[in-house]
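Note that chain A is present in both complexes that follow, paired respectively with chain B and with chain C.
What follows is the complex of A and B.
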């Protein structure tokens, strides 16, 4: 099997999508989880709340994974033989990957920092849970924009369900 | 369309589209790497504080509220105060183990030791120096106990079981006089510090030179440890410690001036490096004629306004206590400002330390007041910070 340039570009797009989104998600989750561990070390009852704030930053990686899988499916890189993909469509796939990848990177890190801060606020004052959650969820919107744009690019380039 | 792209690629000097795409991929990789470095660098400062800050904020949440403090003040006697604190999990284990004041100090020392263990490694050396506070406190307590001819058991009740010397205090407790205490400290920096102040003690018969030399040694060490700030958090910690040192220097100068002491009397106790108030300014202040002159000489510094505001109270009462209280408040305000300014770094830790120190100070005031007969609750409230 010889991989054409178009399909190779789609593979790069998929890599960028999950790579950067996963990086942001991992860093964000690490920061939030470190805060969660600190909170639990002081108050065992904080486990559930700490986990919720740490898990929030997982979604960016999920979005990246989703786009990566859709790209690979679209190009026939999984579940079939590679389809002929034009160079232009391949570049569009890189764009789609970059959209969710970079949006996920920033969003994940931002959410992690807010999550760690919120865990601190909740362990200091239990009544802060709802407010902390709202602030932490705000960063999610950037990842959703990235996801939306990535899907629109894929639709426009006929990479989705092609 | 395809022909157009091929001709553009050819005009750019590429024989086909493949090398151009390769170049684009390379550029993309470089851009990606730059983005990662730019994004991750600030995180390197934030990440080490996520864990300690969560722990510290949990402890901040357990700081006594105004309502709780009022309930403690309204206790009928010391037993009720003790029982109230026994009901708080943070204090219970110490209350059951030690006399009340020792329990309060031990609780505070335990917090310092925990922080020393959990703070990021960049600022760990500063916290290690902060722990010397308990060694110095213990040495001072033993010296004071010897002077007051207290029994071994009474002296043990003054000792806080923290610091580097905690396992070697027995030798000091058994010492019969100051010289034996210094001998017992052989091999530590404290022996040298006390040795230097010994002639002044022998000349005056007062322990003040010994205590002051230990305090000076501690604060100088602290300032030195904090003097090479590596990042925003370390800079903030330096400013907090520096403000404490300025306040300590000013406090010594103000007291000395209130008692009519001159430059030579004060100079040995001053931390000459200072922070905002540097050596030349300290010299000016020490040479001032009066408390009023010291305050007016501070124009242009952060301490001028707060001391000017407290000056009428000093003039009225003749006591420097209001001026010292203003300086303490300035240190607390600095801590509060840092806790807000650097929420993802050292801020919450500095804020917690300041609040915890204040809590313990207030509880000690209440404890001492409850020992006195006829000390009214309103008078206690006046003494709280």
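What follows is the complex of A and C.
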């Protein structure tokens, strides 16, 4: 089986999508979890809340994973034999991957920073949980924009579920 | 509805003789919030001349100490209770929890309650104290035995009587452990201190040696100092006598006896717990209520013969409050019912129809509205489930959420109001997810097509092709943005109304009305352009938008135009409804693909299929449900509330008895 350049570009797109989104998610989650560990040391009852704030930053990796899998499916890289993909469509796939990958990178780190601060705030005042959650979710908007643009690119390039 | 409950302020003056009965009656009725006037008495010269601040009653300290004592005994007896059932019992307890039966009690009055509490606690302590002391004694003996057992086990291969390791007038003995690698070096240095030294050695685990070092008393300190340099771990053998094997045997046998004794004592405690638990819990609730009632006096003012208090009450309950005050004071009271005055910090009591009540907690979580502000609970009640369903957009997960909601309502909801509210929210949100999931072709992703029909692209029955999520996500995007525009317009209308009511006409023009004109203008122009309607509409819309922009710049200045980006961002933010909905279906589809892949593995595949399928969908469903709640809440707090909401008021907190397991006789 010879992989055409179009399909290879789709694979790069998929890699960029999950690679960068995962990088952002991992860093963000690490930052939030570090705050969570400190909070649990202060108050053992903070475990569940700390975990929720740490888990928040995982969404970006999930969006990246989603786009990566949809791209691979679209190009037949999984679940069948590779389909003929034009170079232009392959480049569009790289664009889609970059959209969610980089949006996820920034968004994940941002969310992690807010998550860590929110955990600290909740240790001080339990009523801060809801407000902290909302502040932490603000950064996710950028990842959602990235996800949206990635989906629209794939739709435009006929890569979605084809 | 749409506004917080109207409030009245009660100013009550009553004779001292009736103060307790008035306070008790208000406490049991749970309809007023007591307003603290002590500070005003201190600061207002006129008030200071007439009144002095009242204090919590003299019984408060005693009640507090009895309350703590009761809590301590309840906790102690809880630890001794016999535990029944296992996981199954916990699940049944969640699905169908036991509703506590309320015990009828009488209002004893503070002194009688204190007397009763002392009598009950005395009787319980009389029974528990001896057992508790015995437990403490045997626990401490067990600790000592464990320590002896530990040392004896470590030295069991050395045939020595521990009594020989006691220091004598002429010798000094030390037992302990040292890394094997350092032993030779230690021996050499020890020999340089003295040759009057005996070292017994025994190889132990992890490259260490057990040592017993005996030397003349005069070299004892020097040898000890030397041992410390060689990472020597000292075993404390003082007080032990006999050979290790004998110590191990006797310690193990005594520990067994102690365990049996303790089990018997715990059994006796469990009997006492079973006998007294309900009485103690009732007593605890009575003490809580009585303490709260005695403390509230610090909020009042007083003269030599009278007591003055102020309270907030919702208008609907003001007559009832006046009636019970008159009744409980035999008419010896003066009650003034007034409207809130300018500058009053009016507590906010949300008053919504039954269907919207569960959503009041979301408004409180953000911050209660101002007294004259619009209460957005109804909007939340109508739109939150829709947004949640839109974020989830999967019929399978929607059904699961609705079922969990039903279990919550029928189970924990019986004893916990918050759980009931969460249940209602999950059911309504779940129903929307089912509706939207079916019309947009998502039931656990493409489960229907992949596993039932055998064609991954086959649509679920009920799918409306125009909004089939993976075929026409653009249509769903338009839906999401349209919802966003409509909801933003509603927010702007409310904001304009709030500003106009507050007399802030300029703000209303610049912050809301100009935006509304822009929306109408753009809408008219778009309708003319897209639907091919009369070009007059295009010009009219354009003109309206231009006038609005001029108005906008006039009120907000040239930099106000920057707000345009903010507004576009707000509306685009609603696109998350599409993105999250597609993510749910997409990840569910991914789980299905993995199920297909592991299904291809011979033999092991049969085991992996249910694990991947159930685990994957539970994880995705839980994560997306959590995301749905958070994002639906965010669209309200950030995008919708941002158009009009100020909030920042204090919540109405009724002076309540919080009776959970007691009921007052005749009530």
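Here is the rule we use: the second predicted complex is superposed on the first by the 162 of 162 C-alpha atoms of A that agree within 3 Å, B and C clash if a C-alpha of one lies under 4 Å from a C-alpha of the other, contacts with A are read in each partner's own complex, and residues count from 1 in each chain.
In this section, a residue touches a chain if its C-beta (ideal position, glycine included) is under 8 Å from a C-beta of that chain, and two chains touch if they have at least 3 such contacts.
Predicted model only: the values in this text are computed from it and were never measured.
Colleague: Should chain B and chain C be called a clash or a fit once both complexes are overlaid on chain A?
Modeller: fit
Colleague: Mind computing the angle chain B to chain A to chain C from the CA centres, in steps of 10 degrees?
Modeller: So the C-alpha centres give an angle of 60 degrees.
Colleague: Between chain B (first) and chain C (second), which does A:145 come into contact with in this model arrangement: first, second, both, or neither?
Modeller: After superposition on chain A, A:145 lies in contact with chain C alone.
Colleague: Tell me the contact category for A:4 with respect to chain B and chain C: first, second, both or neither.
Modeller: A:4 contacts neither chain B nor chain C.
Colleague: Which partner chains sit in contact with A:59 here, chain B, chain C, both or neither? Use first/second/both/neither.
Modeller: Once the two structures are laid over each other on A, A:59 reaches chain C alone.
Colleague: On chain A, which partner's contacts cover more residues, chain B's or chain C's?
Modeller: Between chain B and chain C, the winner on chain A residue contacts is B.
Colleague: Which partner does A:155 contact after superposing on A: first (chain B), second (chain C), both, neither?
Modeller: Touch partner of A:155: chain C, not chain B.
Colleague: Have a look at where A:38 lands relative to chain B and chain C in the superposition and call it first, second, both or neither.
Modeller: Only chain B is touched by A:38; chain C is not.
Colleague: Quick one: is A:137 in contact with chain B, with chain C, with both, or with neither? Answer first, second, both or neither.
Modeller: second
Colleague: Working from the superposed arrangement, determine the closest approach of chain B to chain C, counting only CA atoms, in whole Å.
Modeller: It comes out at 12 Å between the closest C-alpha atoms.
Colleague: Do chain B and chain C touch any of the same residues on chain A, and if so, which?
Modeller: none
Colleague: Can you tell me which positions in chain C touch chain A when the two form their complex?
Modeller: These residues of chain C touch chain A: 365-366, 457, 470-471, 473-474, 477, 572-573, 575-576, 578-580, 582-583, 586-587, 590, 593, 596-597, 623, 627, 630-631, 633-634, 637-638.
Colleague: Quick check on the complex: what are the chain A residues that touch chain C?
Modeller: 58-59, 62-63, 65-66, 69-70, 73, 78-79, 130-131, 133-134, 137-138, 140-141, 144-145, 147-148, 151-152, 155, 160-161
Colleague: So in the complex, which bits of chain B are touching chain A?
Modeller: Interface residues on chain B, with respect to chain A: 5, 17-18, 21, 25, 28, 32, 35-36, 39-40, 43, 46-47, 50-55, 57-61, 118, 343-344, 348.
Colleague: What residues of chain A sit close enough to touch chain B in their complex?
Modeller: 5, 9, 12, 16, 20, 23-24, 27, 30-32, 34-39, 41-43, 46, 87, 94, 102, 105-106, 109, 113, 116-117, 119-121, 123-125
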